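Sharing a structure here in structure tokens format.
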């Protein structure tokens, strides 16, 4: 299903080369100011065109269909659509016989019986993350003063990211990267034990972003190599501040008021300018495949703003859920 | 919320030192043979008592309240409960003033206003994974011939796991580990693009298991250091078999018919036999804390069977969801 | 699925003649006092034994498995189970060949492939409403000062209910009835436009109660015979009080602060002491059927407390959802 | 929340006088042929303009944003939007001080803190049912050979509906009506015991349609006046055909293979051409209100096609859910 969230709930739709894409944001409280210009910064961060990203320039002008009136949310669902343009479908038609390695072409055909919109990845396209970013802009405003910030901290195994990208462009290859996301001003008490732990819900949302292969919270995989005596974060204030933050701001699935910290691994873009081998499903024989199109050398460059949006959406939902609990206490039961 | 799944849906309840724990499994089709003895093997794998695990021996006798009649599922919800016994609540009462580092004590009190059952971790206790294992036994039968197998591949940073455990016992400390899970006989087409991708739903469920700090699929974090030309798995058969499996059996969020492979990081047990510093919330001063109780030196030793259960539950749900699609095709639309 | 609710969420399980029945109540805030004795009054109202109800006396002693500690809710899921006793399964075994008219016997066998627990209606049994009543007791406390009251206002077409029941007993037949439910101290603003309107969610829950064939809000079916000039309720105070209440306390799906009023129709009990015709599925011929067992002459006598519980559960969920909205306003966005 | 359904799931958005309205239909299987012209008939049935309906002519041209490719569903979410036009917002602005009796004006302002789009009913508008009808067209195709048919059988208390409408127009008043819906070619086994009974889920969806005040299945409210010996439908064939159909095609919440039959009561349109009293919220005094705009004399005339759509959407979801069960049986467990 293409929906996510309990109270603050998003539903995405669209295909890369169809009429357009969009998102419905349900459960946003009434009274939040949202202006057209609020979207500009994050849309620009996601946009392609910079070195290491595809030269395909998409139309990123949002059409706000509903839910915002006089620049304020109404409490009704907010629908935002984007038209598709600058699509070159001819690049993709011939690929049906030779599914691109690393892409969803093969599984899509199998799953949808050959009826899928195969052009440009169709519904699997990264183009749909534009809707997520739009929802993220609204979610970020809603969760203020919580602040979400994601940064690419490593690309192609190197911390000199610009050099790594240059090298990959030169080699006509693609590279992956690691992004760290940090949320500051966290309250204590978001998340639930077990199925709706902060890690569980965040990772669910984060793996919705194409190309992500791993996620770790706080000490993450390093935790597996540490001793308990090292790994336990000492509580040093009655607000719950800890001396270290190996837990990444979460205990028992619940936020503990320290910064929430996690990292994700982004795989190298599957499409490169090099020829590769794949099965030709018409002939049943291996064949050479060159993917013309326009490719991102390092898609990880464009992921941080999407990751922030995904995170803000999850936090908005947690914040709205947690109001209940606090309020009930105030009623003094 | 304490429920997970769309069609095959589990709901857990219980506390470590209350009357008992249990699980409701809804959406299991009628007609699946389930006998009392089917639970024995996986319960034994989860049970403590072996070297490196706590000497607390729990009562693991399931009471099947509903949903199974004459050793066959009826199609009604299956409720399984377990009584608690062998609990030593006195170990925990004094800890209220001095929340244990790494545990949920502090966040639970903040979140639930001091009304939480604080004994032995209460609802946050790993004791509740017993219900998951029970559901996993049923899910494994349902998804046959798919086969789920999880193994501890590293503990305390070492592949010689027995030695690592011995050392930690000697040091009165605790260690973490890494577990790999592999599912064989996978069909093509499980999972959905975006929010219900295989990675998204699996990671959601997996992070419900206490002590897990990271998850990676296929090449995982290594993908971030690879080039696209290396990372793409070549399709070498019309069934979709690939020459390598960096994707971990998933493209675009959909299973591609190759083995599904992922790894999780388990942190070292938070309770150890060493004294630690923590805040005393009554005095507002730092204090020494010794946690008496009985502890697992390496909780990761007991996680593989829980991880298998979590995985089987998710796969059962995906399998039941996917039937729709296939069937509609057969109706020839 | 056997769950209902978004935040205050119940999951029921059990069969009439199996080991027991029960309910899990998730999402109840921590800090609500709940004592064993709180259940007595409503359990007694639901209990059989009075004139017009079956002489089968069930065991109605709740076992609180989890979620309540020191007589206060903990915020963790509350599981309550009831053992079955005083079951006479021999009454039912022979009925498999001759499904009882008006009962679920035929559809259950078809739906569950013959694997259903057919004894005493199995999972379809009114016995399961005991769990609803338990959840209702908690929900009623939670929604205080809202007050839910349901009354049987008509039985067998007569307002003299006792006389109607006496006549039906004499005739060895059964009768239906109409129950009115009124909720006082309603706030303005519960419910949502469209799918989660108060009428929509309430009717969903109410039709879960066996034997209910219709529901109407406010003027209900009479509205279809009224003119707009008569039917509109005049607003006569700034709090929204109206001069009449044809709307039943709801406009546009949202509570308007006036009493919430609705009525349900309960069909006559399907089992009577008279012989009836039905198909014998073994012979394929029509046959006479006498249902021995123990029957309610007028099941509608026992429904009001179940209806109150169902209503309180829905209102508890609406109340918890609506806190969000109000609170966000208070943050002054 | 503005979503409904488990597998076949719709999400609606939009306001009467905003940019537009629309619907997202998720979970529709790939491979279903859907052409632009398929929508014409049902859109015409819903359209206003005939005697007894408002002269406001809306733009009903669907824009299919996603999910359909080459006139066939792709398996991805289907988004359909409609632009608003021919809106006269000036009719509504002055009404803010004097909420219209019978409308959602008062509750909307209270619920959404005054931030709601108040023009023409905003998100509460019947205009949004256009999206439901669009989804209904697709659902009807999906559930073939099941056939849904709804008819207005009574208006203003009369079976001569044309005469009743004429009289109401003459009196400058409005009238309600009763609509009967019948589904033929029903399979046995749709629906679940308790919370997801056919009656429960259908009534939930049906009460989403504005102006509906009651629903009854089969004998409905008459059941409350019947005896068990009359009311039980005799099973007269091994396929489950019954001699009568007081149950309305449902036993124990599950379809029994006979026609599914239910009726709904539609209240008279709240807006009429007569002056009415209401509270002026600025002055705090009662005042006269004349609602200019354009009104439906008998909105019930336009409801049958919406009711069919709502019903088909629910049945599509039940059909997709039930495939699972049958299929599992075929695997021979």
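Residue numbering begins at 1 within each chain, and the chains themselves are lettered A, B, C and D in the order written.
Here is the rule we use: contacts are C-beta pairs under 8 Å (C-beta built on N, C-alpha and C of every residue); 3 or more make two chains touch, one makes a residue touch a chain.
None of these values were measured; they are calculated from a predicted model.
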item: Same or different residue numbers at the chain B/chain D copy interface, by half rule; value: same
item: Centre-to-centre distance between chain C and chain B (centres being mean Cα positions), rounded to whole Å; value: 36
item: Inter-chain centre distance, chain B versus chain D - centres from mean C-alpha coordinates, in Å; value: 43
item: Separation of mean Cα positions, chain B and chain A [Å, integer]; value: 25
item: Of all residues in chain A, the ones touching two or more other chains; value: 1-3, 6, 12, 30-31, 75-76, 111-113, 123, 193, 325, 329
item: Chain contact graph, described as a line, ring, star, complete graph or other shape; value: complete
item: Partner chain A, residues of chain C touching it in the complex; value: 6-7, 29-33, 75-76, 193, 320-321, 323-329, 333
item: Parts of chain A lying in touch with chain B, wherever the complex brings them together; value: 1-4, 6, 12, 99, 101-104, 106-108, 110-113, 121, 123-124, 128, 154-157, 168, 171, 173-178, 188-189, 192-197, 199-201, 203-208, 210, 212-229, 231-238, 240, 242, 246-248, 251-256, 265-272, 274, 276-279, 281, 284, 286, 300, 325, 329
item: Chain D residues within the chain A interface of the complex; value: 1-3, 9, 11-15, 18-22, 24, 26-27, 30-31, 63-67, 69, 72-79, 81, 111-113, 115-117, 122-123
